[in-house]
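In the two assemblies presented below, subunit A is common to both, partnered first by subunit B and then by subunit C.
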Partner chain A sequence: MSRKTVIGSATIFAVLALWFLLTSVTQVISPGRFPSPSDTWLAFVQITGKGYANGVLTEHILRSVMLVTLGFLVAVCTGVPLGLLMGWSRRAEALINPVFLIIRPIPPLAWIPLAILWLGLGDMAKIMVIWFAAFVPSVINAYAGVRSLDRTLIEAAQMLGTPMLTFMREILLPGASPMIFTGLRLSLQASWTTLVAAELVGAMTGLGRVLNAAQQDLYPGMILVGMIAVTLCGWLMTVALGIAERYALAWNTAAKALD
Partner chain B sequence: MGAIRFDNVGRVYGGKQGSVEALKGVHLDIADKEFMAVVGPSGCGKTTCLRFVAGFDQPTSGTVSVDDVRVTSPGPDRAVVFQQFALMPWKTVRGNIELGLRNNGIARAERDDRIERILALMNLTSYADAFPHQLSGGMQQRVSIARAYVLDPDVLLMDEPFGALDAQTRVVMQEELVRLARRNPRTVMFITHAVEEAVYLADRVAVMARQPGRIKEILDIRSVREAERWDEHEKIEDVMDLESFVHLRTQIWRSLRQEKAMEIA
Partner chain C sequence: MTRILKTDNAFLLGTIGLCSFLALWTLLSLSGLVPRLFLPSPVEVAGRFIHLLSHRFADGTLLDHLWASMLRFAGGFGLAVLIGVPLGLLMGWFRLLDDIVTPLFDAVRFIAPIAWVPFAALWFGTGIGGPIMIIFAGAFPPCLINAYRGAKFVDPRLIEAARMLGTPDLRMISEVLLPSAVPSIIAGLRISAGLGWQSLVGAELIVASTGIGYMMVQGQGNVSTTTVMSGMIGIGIIGLVIDIVLRGAETAILRRRGLAT
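Up next is the complex of A and B:
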């Protein structure tokens, strides 16, 4: 084990010990404000066994992961091509950018009332809000990726007589991909943030629903379980994206390591 | 075929403080299969001239044509070797060389065949599946030259191709290019600011002047090279020791130095 890992684990252990000390042992923090480790464990046992807020933990997780994935994918599949188009074509940029600049500063969560008005309390409204939140970083980074593309590479491709479709697929997309992946990471983070907020407003199941129900039930242990579950899900999806990135950009990471 | 003609070519850059005449009245004929080197001080517009032939830029007056057809856009009949190699970092050596062939609808079997041949010719066979960043600068420029040559272009445009290489690699590449060019002649327009390189490689050398950029004089190297049998020497330093070589080199230096003197005066 490296020095860094030792210190890191020691810190985490210290925080856990402090948590135990302040809650269970001394009760400096009252159980009504922040749960003790054993309260949290009991809440965890309850939600995995008997269930809580209309379902067991796996059901809530699956629901949330599904919504995030759908919203994220819709955002990426619309945002990245739009960003590439705006980066490549001055005309498309002139046409789209003004609208984009107006929509961009609207906080994604401010769309929730409209989304509910249009689509009700169901999944569609949540997917829409996630889409709006995740869309912006995808567009901006794909756009910046195209703009950062080396001018001589474009000239080299033209000189080689590269047709438009091949150019898009083999020059523009891989050339912009390091920035595109940066955008995807930000989009994924935005998706999770927005999901929890959207589910807080109204949902039958999902991790946001767990958090909301636990707050209404004055159940701190369950709130903490919900928070930990959201964090772990977000973290795991980010790790998965990182693996996809390393695989897709093998040429780039190696090139960077050389510099 | 691949005869290049500059006919009264000029380039003016317009700005708020008035316009700058970067090139004026450039006349230059490069014959089919001729190796023309262009030397000149920086800012004389030599790279701009090459970019006109490549079709990346357009002159503001006059015309640039290849085989009497006016150049309007880039294309694989005029392959370019860039100073900074311009290889796609996400493609292997083979992938980089293959792109141009694929674009021009050449069938798989013939593609593979041509790639194998050019890889062997450029000593790249064992690096076929490497990515550009795994190669040295000299190797990357070999790939870039292979990518251009494999298209069998009428015209090869080389923009200071060895400018980014270290001195030893540069010499090796110059010797290789001479062998390649003599065995497999193409119309070549070769931009450089290294006088020795120009004299060693070219059939003729065009000396450019600046403000405004123009062709100052054109020297015939080929007749001297053939009369003095330069090609019988395998190594560049042996050629560079010959009296005839030194004479030509000095002549070009004087021509360039007059430019510098005028600039300072």
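Up next is the complex of A and C:
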């Protein structure tokens, strides 16, 4: 084991021990402020068994993950083509960019009240907010991806009279895809944060709803369980996207290995 | 008409794009396809924005709310910079500290700032403290990471020269690492300010009794779409101003070092 892993695991272990010592053993930190390990475990058992805030943990997770996936897909399916178009055609860029520049500085979370006003507290409002959150990074990176294409490649294809569809499939998309995936990663993170915030503001089920209910019940154990669930789900989705990226860009790493 | 469609004049096309966007919005609103209550026309929103500058809504004018938000932002962002940058530099110099803090930091970093809301409310209340903690949670990681990276990528010759001259640790950090890391740090500050401002908006939507986010929630409760949209405009403008100020600082610093053109 390297020095780094030894010190790293020792630190994590020390922090966990300190947590146990300060809460359960000495109660320096009162149970109303931060939960002890056993409180957290009890909260976990409660939410997986009996359920909390209208559902058991898996229901909340499925709900949140489903909404994020839907909103994210809508954003990607609209944002990436728009970005590609703006990257490809100077005219489209000049036409759309000013509108985009006006909307861009508004943080995704600021759309939440408007979404609730328009669509209520249901799923549609959440999907709309996620869409706005994930749209901007998708567009910007697809756009940058097209702009980073090798000019020689484009000119060669044009000189050989490549038809438009073949050109898009064989050159535009593959060339821009590394940047597109960077955009997707940013989009996914933004989607997840925004969904949790939207659910905190108002929802029937979902992880944000768990956090909100736990905050109102002054239930620190459940707050911690909710936070851990939010963090793990967010992380797992990023990992899943990373695997998809490696699969989709396999040709690229192969090309790099040849260099 | 065909001449216009074929033009490559970016300014003209941009104006056309912007105008058609506003025209479509106005048309949707005035035609009654979408109820006026939910989609007011751009003119109405602009009117409401100007009205709110001098008239009180939810215990204050738009400027009062923006001011309250900016104070919170300054608190959270300032704390993040004051703790994050020195800690990042120290971690870049002392390996033991690096090995201890990095695993903890990596574990905490993945928590979305917004997920801290319940604990922030529980620990620091919903007035000033809670939102400041959430802004801090959003703004802290980029400060630390960029200071750390900046410190790690200092020219080794500089460090060797300083060490040969017997520079003590703290002076090494303040006079060798810090100056070399400044470009990286200021790039981090820009990211950090953006994330902090976003987190602030989220925090104020959920827990706050003043501020621009609170005003928007009240507007939503009163079904006043114009108020909500005015809030969004205010947030967008302040966010832009913060970014422009920091970008200006970035170019000024880079130019002074002869790194930018």
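Here is the rule we go by: the second predicted complex is superposed on the first by the 245 of 259 C-alpha atoms of A that agree within 3 Å, B and C clash if a C-alpha of one lies under 4 Å from a C-alpha of the other, contacts with A are read in each partner's own complex, and residues count from 1 in each chain.
What we mean here is this: a residue touches a chain if its C-beta (ideal position, glycine included) is under 8 Å from a C-beta of that chain, and two chains touch if they have at least 3 such contacts.
Source: prediction; values computed, not measured.
A.B. asks: Overlaying on subunit A: subunit B and subunit C, fit or clash?
C.D. replies: fit
A.B. asks: Looking at subunit A, does subunit C or subunit B touch more of its residues?
C.D. replies: Counting residues of subunit A touched by each partner, the higher count goes to C.
A.B. asks: After lining up the shared chain so the two structures overlap, which partner does A:L160 touch, if you call subunit B first and subunit C second: first, second, both or neither?
C.D. replies: In the superposition, A:L160 touches subunit B alone.
A.B. asks: Based on the superposed arrangement, let me know which partner A:A94 touches: subunit B (first), subunit C (second), both, or neither?
C.D. replies: second
A.B. asks: Examine A:D150 and indicate which partner it touches, taking first as subunit B and second as subunit C; both and neither are also allowed.
C.D. replies: first
A.B. asks: Answer with first, second, both or neither: which of subunit B and subunit C does A:G8 touch in the superposed model?
C.D. replies: Only subunit C is touched by A:G8; subunit B is not.
A.B. asks: Given the touch rule stated above, what does A:D217 touch, subunit B (first), subunit C (second), both, or neither?
C.D. replies: Neither partner.
A.B. asks: Using C-alpha centres in the superposed arrangement, which angle lies between subunit B and subunit C as seen from subunit A, in steps of 10 degrees?
C.D. replies: So the angle at the centre of subunit A is 90 degrees.
A.B. asks: After the superposition, pull out the minimum Cα separation from subunit B to subunit C in whole angstrom, please.
C.D. replies: It comes out at 18 Å between the closest C-alpha atoms.
A.B. asks: Quick check on my understanding: which residues of subunit A belong to both its subunit B contact set and its subunit C contact set?
C.D. replies: none
A.B. asks: Quick check on the complex: what are the subunit A residues that touch subunit B?
C.D. replies: 150, 152-153, 155-163, 166, 170-171, 174-175, 177, 251-252, 254-255, 258
A.B. asks: Of all residues in subunit C, which touch subunit A in the complex?
C.D. replies: That would be residues 8-11, 13-18, 21, 38, 96, 99-100, 102-104, 107, 110-119, 121-123, 197-198, 201-202, 205-206, 213, 216-217, 219-220, 223, 225, 228-229, 231-232, 235-237, 239-240, 243 of subunit C.
A.B. asks: Where on subunit B is subunit A touching in the complex?
C.D. replies: 54-56, 73-76, 78-80, 82, 84, 86-91, 99-100, 102-104, 131, 133-134, 147, 151
A.B. asks: Using the touch definition from the top, list the residues of subunit A that touch subunit C in their complex.
C.D. replies: 3-4, 7-9, 11-12, 15, 33-34, 90-91, 93-99, 102, 105-114, 116-118, 192-193, 196-197, 200-201, 211-212, 214-215, 218, 220, 223, 226-227, 230-231, 234-235
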